[in-house]
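All chains are identified by letter, namely A, B, C and D, in their written order; residue positions are counted from 1 within each chain.
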Amino acid sequence: MLADFLIDVVRVVFIILLAVQIVAFGGFFERKISALIQDRIGANRASIFGFAGMGLVNTLVADPIKWLLKEDVRITGTDRLLHFWAPVVSLVMALVPFAVVPFGNELVIGDRHINLQAAPLGVGVLYVLAMVSLGVYGIVLGGWASNNRWALLGSVRGSAQMISYEIAMGLALVGAVLVYGTLDLQEMVHAQGQLIGGWLPAWGILYQPLGFILFFVGGVAESKRTPFDLPESESELIAGYFTEYSGAKHFMFFMADFVEVVLVSALVTTLYFGGWQIPYLAPDGFHVPGGGVVAVAPLLVTILGVVAFTLKMLFFTVLQIILRWTLPRFRYDQLMRLGWQGLLPIALANVVVTAGLLLWLGGHA
Amino acid sequence: MVSAEPLLRWIVLLPALGFLWNVTVGQRAPRTSAVVGPGAVGAAFAIAIVTVLRLYGLEGSHAGTPPMLHDFVYRWIEVGPFHADAAFRLDAISAIAVLVVTGIGFLIHVYSVGYMHDDPSFARFFAYLNLFIAAMLVLVLADNLLLLFVGWEGVGLCSYLLIGFWYEAEANAIAGKKAFLVNRVGDASFVLGLFLLVQYTGTLDVAELQAKAGTLAGTMVGPMTLATLICLLLFGGATGKSAQIPLFVWLPDAMAGPTPVSALIHAATMVTAGVYMMTRLHFLFDLAPAALAVIAWIGALTALVAATIAIAQSDIKKVLAYSTVSQLGYMFLGLGVGVTGAALFHVVTHAFFKGLLFLGVGSVIHGMHGEQDLQKMGGLRRHMPGTYWTMLVGTLAISGVPFLSGFYSKDEIIAGAFLGPHPQPLLGVIGYVVAVLTAFYMGRLFFLTFFGEERFDHHHVHPHESPWTMLGPLVVLAVLSALGGALDVAGRVNHFIGAHHEEATPFGMLILAGALAFIGLGAAWYAYVREPSLPEQVATAAGGLYRFLRDKWRVDELYDAIVVRPLFALAEFLARIVDPDFVDGAVNGVAEVVAWLSSRWRRLQTGNLQHAALSFLVGALALLGYFVVH
Amino acid sequence: MSAVLFLVIAALTVLGAFTVVVARSPVYSALGLVGTLFLIAVLFLSLDAQLLGFLQIIVYAGAIVVLFLFVIMLLNLQAELETLSAPGLVAAAALGGLALAGLVAFGVVRTPLGAPALADGFGNTVPVAELLFTTYLLPFELTSVLLLVAIIGAVVIGKKRLA
Amino acid sequence: MTAPAPLAWYLVLSAVLFGIGVVGVLARRNLIVVFMAIELMLNAVNLTFVTFARARPSMDGHVIVFFVMAVAAAEAAVGLAIILQLFRARETVNADEVTTLRW
């Protein structure tokens, strides 16, 4: 009993820490990569024991500490209650979807089989969509509670944007669900462990290339970062819906955004890039396509899976950072047109074509 | 013995199709009507002959029940146990009527081609005539009283249309209207009779009625039996259609129509519909001796009154009109005293000679350029010899000169009054008086027209003989009028209805009847040819009586005073007082009450969504309460 | 779901519902509604209606109420001084609401309800989908038409000023 | 572990929610709140459906709830569009100020 409970706690803590750590590393990478792109050094001041290369530690530790300790400015005319809860909702709703993200295969310790997924849920995909859709409340309430018209404008923009892109995202997911024939993310990852023709890893990207693009674009829009950062576009709305936020609350909002980036990475990895799967690695070791097996210890296989998942997630996080610093911001009408007249029809077509192909070929992957 | 005979429907359909042709194609190509109109009726006549011959062929083969041809077309009305079919029957009675209607009708159609030659509404005229023939055939052939009533009303409609055929003249339109309205009175009575029949027997089918009629004699309604009441009501209908007292006033006015119409409708066929109907229902009337007595009296009185009026008329068609009324009175007298066969026999002979007379008079009028006043004719026998000779036959026939048709039929009726099943000797005497009068006024008409000096204006009127299309029918009818007495109509009918053969008329009565005819004609010859001044003197001497007769017993004035004026006054009253104050008041009152109520109730309609929702809630609570309690 | 947990959730649900009706600010009403709907979704899960539970959140909390909030913000509706209708209407409403709830509760409590054992997969996606695409295919298609009509209607009505 | 909650409790809760919804529809002036109260009533009914689906047990109740959700979504879209237009035309969203039944 107790062991089960402890295992649950460990699983939850692990995935959250994983996410948050990638957020932290992401913050560092963001600085460094943006500097690289803009041909400057970046984040080079904080040194520990004279070792300037410790910028990593700087962002990992010093930034949060500084941020959390900043004054929480209380503005008159705000709705105190909602002003406080809005960032909390944002952050929580960004974190909870990780519960169904599988970060590894079954871990076998003794006779205990531990599924490396915080909450094995039959309808995982729906759960993710539900939680993501609740994230919008953080933005809406934050802007409204601030009693500031730029903040409110940011909220309205944000809510409209999130609703719009959720649809494209959801429809892209329908394609994936059709292909795998399940809503359970762990089962989807298992399905991607197979090989097509004995040599090509059956990753989702091969079945749903269009779905991947749609989901990725939608996800980036969900995280409200450039080029989709209309809700906070500082050149127009000061800082959008968190104009009136400071200190820890601001940090939560900021972090929620970044967690969403990581979440998108995790989901993309899980849905389209094999999750924790490593090509040719079965539970008993590497199966080289030509024949022959390189035996690997089962525990090691599982750990390798977790590492693979982390690396893949990191890759997509970095990819999003690069995107952010590469692309200019959309205009609002362009944003809406892309969502409703671009992604939505394509997503619908994707669903129809996928369903038609499945019907033709008979059954899912 | 009933045999199916699908040809019967074509007797009715052909004239109906002719009507359709004439109202559609005929309007564009009127000349085709000259062929189609008479052709349709002629074809119907041919089929009628074929079917009647077939009927008579059956007669010999089967003893017992008399034969009958039947044609069921479709079930027309079915309400509960009651039903009425579109079905036709041809038996001894309808066979005679069908032959008369189609035969005489055909002759009159042919005659009309000449008579109406120059009329701008040539096709319309034939359309009406065809429609009339179709309706009359429905009436005659119907196997139930409802279908008979359709024909009954159909001929009434055609009569109205044809009387007012030249509707540009207001008098004609008024005459048509009068005929229509007077007929309505009779029709109402007729319909009441039908209602009672349906009520008490549940059927209008002639055959079924015959089987069930017996029950009607036992039921009393006030002072009379149900049979008597129904018969009187049906007879009421007959008085309208057949122009008997008190509803005969429309017929003389009906002479406003073209003369062939007068001949066809108002002499030969339609006016005998009442007689025909009563013959058809003889079994019913046999049950009601009291009604028969009334009928006999009405018939005799009508004959007498009309004959006296006819003496004093100067319009040649009016004389014939009253003559018709008078002769119809004979027929009802015959029905009333129970000699049904004789009555129908007189229908047939009357159709011959009255048709002949009307067509002859039409020929005279045609030749005189529309002149109708007897006082402005005279000496025409030199100008119109064909017309003269045929008219002579007709006059002798109607007067009852021995061995011509009218002699036989009239004699049988009068003899029946003395010797028939329900004898009324007094009425027989009246019959003889009327016979003298008939001979006299017909002689008067004939002599004033064809003898004496030419009283017309020679500068404007050039009498001429009519074309052959008109003379041909005259000749045919003259032959029929002369020899029609040889037809054994009475015998056939009596055999069919199962009446025992009447005894031969006593020889003395035959002598008397012949003598009376000659007395009447002789008197007329004396007064209008030998001593032309005599009538003037008589008229002056009996001035009051003369004017009374000339003014048609002032019946129109009487009706005007007791019916028309009070009716107008009532209408005036209704229009001035009742309609605006009471009817409108009630209507407006209802509207005001509604308006008042809605001005109160509309406060419920606030337009507020939530008030509407509240009423929702109340309803939901009520329903819910009901379900929870139960 | 244990009785105690149910009572807690039920109390919170009723609290949320009251917030919808009582709150002066439409935004708080909307938040009360979200709370209620979210908790109803939890109740759905406790009734083995997994699919519906998440659909409830996605459709209601994630879309419909967001739409409400969106409109509220678009119209910039503030807290009102006079939130209630005419007193008579309010009294009738309170009375009617009580009567309705009471009647329904009374009617319901009299009917004993068991919680029978369930077949495997009850409330999951597959059986619901099977019903939708077989027995209820026609209503399902009609619903899709309804949604299409609603989309067009909303776009047309909301697009520009009328008249 | 305590005993599970009887299904009748769910129904009572649903009745209470429905009653609250009724009060909201009737007693609030703001049409948007009225609208939300209607959604509340719909959800109370949905809860009843799901409860009975559990009690029978039959999935048909779930399907009906699915339809109710779809219809509610449609209704919300159109209804809110109407309210939007109403506000543009009248500058109000109060039920007792829009009683002419026309623009």
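Note that contacts are C-beta pairs under 8 Å (C-beta built on N, C-alpha and C of every residue); 3 or more make two chains touch, one makes a residue touch a chain.
Just so it is clear, the structure is predicted and the values come from calculations on it, not from any experiment.
Contact tally for A-C versus B-C: the pair with more C-beta pairs in contact is A-C. Chain-level centrality, scored on Cα centres against the all-protein Cα centre, points to D.
Our note on geometry: subunit A versus subunit C, Cα centroid distance of 30 Å, whole angstroms. A separation of 84 Å divides the Cα centre of subunit B from that of subunit C. Taking each chain's centre as the average of its CA atoms, subunit A and subunit B sit 105 Å apart. Note on chain placement: the centre of subunit B and the centre of subunit D lie 80 Å apart, centres being C-alpha means.
Taken residue by residue, subunit C touches two or more other chains at 51, 55, 63, 67, 74, 85, 89, 92-93, 96, 100, 104, whereas all remaining positions touch fewer.
For subunit D, residues that reach two or more other chains under the stated contact definition are 22, 25-26, 95-96. Counting only residues that touch two or more partner chains, subunit B has 610, 614, 617.
All chain pairs that count as touching, in label order, are A-C, B-C, B-D, C-D.
Subunit B contributes residues 606-610, 613-614, 617 to its touches with subunit D in the complex.
Residues 1-30, 32-33, 35-37, 39-40, 43, 46-47, 50-57, 59-60, 62-63, 65-67, 69-78, 80-85, 87-89, 93, 95-96, 103 of subunit D are the ones touching subunit C in the complex. The part of subunit C that touches subunit D in the complex is made up of residues 1-7, 10, 13-14, 17-18, 20-21, 26, 29-30, 33, 36-37, 40, 43-44, 46-49, 51-52, 55-56, 59-60, 63-65, 67-68, 71-72, 74-75, 77, 80, 82-86, 89-90, 92-94, 96-98, 100-102, 104-105, 108-109, 111-116, 118-119, 122-123, 127-128, 131-132, 135-136, 139-140, 143, 146-147, 149-151, 153-155, 157-158, 161-163. Subunit D makes touch with subunit B in their complex at residues 22, 25-26, 31, 34, 95-96, 98-101. Those residues of subunit A that touch subunit C in the shared complex are 82, 122-123, 126-127, 129-131, 133-134, 136-137, 140-141, 143-144, 152, 155-156, 159-160, 163, 166, 170, 183.
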